[in-house]
């Protein structure tokens, strides 16, 4: 069960609204490695998980990602809300301007609608943890790029916070995977065929 | 900001797991009129809303829908988790059995991945309220059909609760729309052209 | 059965082709609240409808939306057809320029392909009417925004006509819903549980 | 402009409703090679076409496909409408039963929503004609398979009619392409490089 | 079985990286008529084909298209890799800049993810050949438009090569279709109904 | 550049065609964790990679996955090709039967078209390696489930081989990641904020 607290998890401030940056921010709102993708991946894994402790971990981090989704969405909205004012401004992102009236949508930086095809959920807890470690690494690098392209101090501050949390989650998922005490190349129950484990095929570089 | 409470909003119990019914339940988990669609539609509208009271309404109901998502997902999981046990059972839903190992996915009753294309968000608060009233009506009728096709008392009980809440939300959104005090055929600011308002064109029925 | 009359339902004229505005117009051609979405929503509902009078209403308005689709498509084409001429112009919308040779596609203002996921069809006539009322309200506000961003008198004139028709349809669907004589919070046959109808949960605003 | 005549283009009759066959029929309603795909492909090509005669051909056949869409949808509805009656029946197609209440949706035979990604529209009239010839060939073979799997005389009769029309359209598009008087391997204006036209690379069959 | 040779099928050189042109190039990388679409259409048809000679043709051309995919991807990457350097540059394509770090993605020129909905595969060899002839015609015209919008000599040279190969493939598929010795309007086994083959319905042009 | 060798990388044999199992196999052909997803993820990463050795690794494994795609497709086709013979058989998978004539399509086990939204490509080599390690773990577990549900000795043998190769690739990607010599929680260049690295928020379990 979720409770909504009428306060952002991390206060945000935008000194200079920047429409084009707002559009970039949508990548972490409704993009492939964004906050909804993280929230849903962990929460659905959590619903499938039969280990109470790991289920808690997944639901808790999943919930934190929802709180992040709210932060990113609030920031993006602050940058983009003038988009319905003038034609000139509307051209930056016709979808947000025309269909959204300056309001953000659940899409990525080029307006593609969010899809659950982004999620990796297998119902096998150690495999899911590996997917989550990789997901956090991806989210971290995307936040870094957003920081690199941002000129607004308030936005940078919030993004630095969000980026940091991804590393915190990456550590938590790594600890959880290690806590399972599995061999790192043992997945599932059926062992691989020894004879077919040799190196991959390669040819010499010709160019 | 969201808090996750480790307790379902409404306790669920499944006496007789029913794989095919579990599959049907996914329609309200990751389907077009399901709980995630409701949660995201209201929450994104809320992030775009500048009226504090209406924003609260949208975020609060959006959050309740997330709690419902957890209920539906938990129920569906209870019905479907044996799907990885035998071939016979796996045939009911190959996607859940093979890709999910009996774990649910964010998809509808035929395995189509959830997409934000289901959402209706316009950044115009009265229009959004109309979309929400219609959304609740749709969710209500889908729950009714699920109840009609369900033989398990525990599942029926939870579905009846969820169905009831949709009507409660429908009333809340209707009150919010009426609270705006707008003429019911006045949308936005530009008035329609009187001369073009005549009846729609129709021809006599020939068959 | 449909007949095609080789004449637009409303004559269009473009004095000053405006590529970026053409792109915006696509939102009402192949976008989520555009004319194809309206045409298909009503027509598929009509095919499912067993009440002859309501079926006629749905098919008639669905057909008018097809005629509107033709108007919007013709307008967008007039604005965009030079897109294959020079590189400079092609950059405005690479999809239309490269894949379409200046010809419009069934997509929205950012090039996302139209999808039936936009549609709301439940096979329950009063619920469908509610979805249609909301759909018309959304279409109206999108046309208003297009008018606000348009500098071309001929285009504005056609858009004003199309916008007006949405209100006319909204009235027709409202009358149809009221004609069913249903209580406005009674959906389907199973009554809600009285005890679970209380207000939605909310917490005080903290920020 | 379209007129809707309240009569099917070809009268349909279903003696023995067959839910599973109704589901198969959806392939020609909202599937990749179905009637909406044909209607939209030709109509959008028509809106882009500057040759009046070819535009008429495209709009006329596009309109006929809309009339076919109505026939296929009516047939599918007749086969599937009982789907909301009993649980047993609902299992055949949970999407139609639960989300649609027995009403058809704009999807294919496995419930995937129709998408404009199915369409081939290039804005180059002779290329579009080639795409249309191939599209009609595909539609013909799909109708043939439906006939092969159908036990109901009334349905077979309608399908035979629809299948025949695809060949009629294939002939019309072929005549239109030939009427352009182009060399059959000359596409566009830039000639291929003679030296790079040699045969495709192949190796001997090893198995 | 595939072997990868560490050399491009056609050497590429980019003298003047051009971000906006790189974005356009993606249309032939991950777009509807691009190289992956061609590679997959022919290869999947090949896997379904029971005629050894035609299967070889399909697999061989399918493989050549994979080599073309590598060429186009390499070219696009050369044009776009600076996109992660400065904010100014990043604005050209936020998806490539933010999500990809200047690395290309499997998408079209407006960032829509590639989908198998682009493919035409019917399991009927002559019908598939018709789809392939049309596909090659589409690919040819798209390359021509890219050449028209390109200022870089090295890119133009590679595109001219790729464009030429499409015509070579179009000839090969045409020869294969003709080699089947079928009447050109005979598709499948069920003959059309003679009486329903008359001309399509049309009305006089009114405008 | 790719060469196609007319021999499967691993010979396949099917003693008892099993339509329902063929459908399950499609999950590894055109599903989210299937062979095309692997092939494309590694190959696109490879095109973006500037380190020659890692690029070779990515292209080589990407190519092996294409060879696996051919094996899985061939197997699935062997299991499903009778689907066009009788109505009874066609009901197992209407999409393959009606649209494909018994021929496989690039879709997953419930007929959803493959999409590049499945891919994880960031243009940051160590992050991509993490995504690949997780991808191989997912593919391994999916093959294991297929083996568990398979009764045909020939199919099991091929699946065991394919499953083994996933572990071989997982080891190769792990070695490549370790070869980069990076701290395992250091992603990109911007360090996290120490003060925000504390544990994730959690509440006590209430149920």
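Quick notes on this one:
For clarity, chains are labelled A, B, C, D, E and F in written order, and residue numbers in each chain start from 1.
One rule holds for everything that comes next: contacts are C-beta pairs under 8 Å (C-beta built on N, C-alpha and C of every residue); 3 or more make two chains touch, one makes a residue touch a chain.
The model shown is predicted, which means the values in this text are computed figures rather than measured ones.
The interface formed by A-C recurs in A-E: of the pairs listed in A-B, A-E or E-F, only this one shares over half of its residue-numbered contact pairs with it. Rounded to whole angstrom, the centroid-to-centroid distance between subunit A and subunit F, based on C-alpha atoms, equals 22 Å.
Rounded to whole angstrom, the centroid-to-centroid distance between subunit B and subunit D, based on C-alpha atoms, equals 32 Å. Of all residues in subunit E, those touching 2 or more other chains are 3-8, 32-33, 56, 60, 63, 84, 99, 101, 110-113, 115, 117, 122, 124, 141-142, 201-203, 205, listed in ascending order. Chain contact topology: the protein chains form a pattern that is neither a line, a ring, a star nor a complete graph. On the subunit B side of its complex with subunit D, the touching residues are 20, 23-24, 27, 31-33, 108-112, 141-142, 145-146, 148-149, 151, 201-207. Of all the residues in subunit F, the ones that touch subunit E in their complex are 1-9, 30, 36, 40, 43-45, 47-48, 56, 59-60, 62-63, 66-67, 70, 73-74, 77, 84, 99-107, 113-117, 119, 121-124. The touching residues of subunit D, counted against subunit E in their complex, run 32-33, 52, 56-57, 60-61, 63-64, 115, 117-118, 120, 122, 124, 126-127, 130-131, 133-134, 137-138, 140-142, 144, 147, 160-161, 163-165, 167-172, 174, 184-185, 187-190, 192-193, 196-202, 205.
By the touch rule above, subunit F contacts subunit D in their complex via residues 3-8, 11, 84, 87, 90-91, 93-95, 97-99, 101, 110-113.
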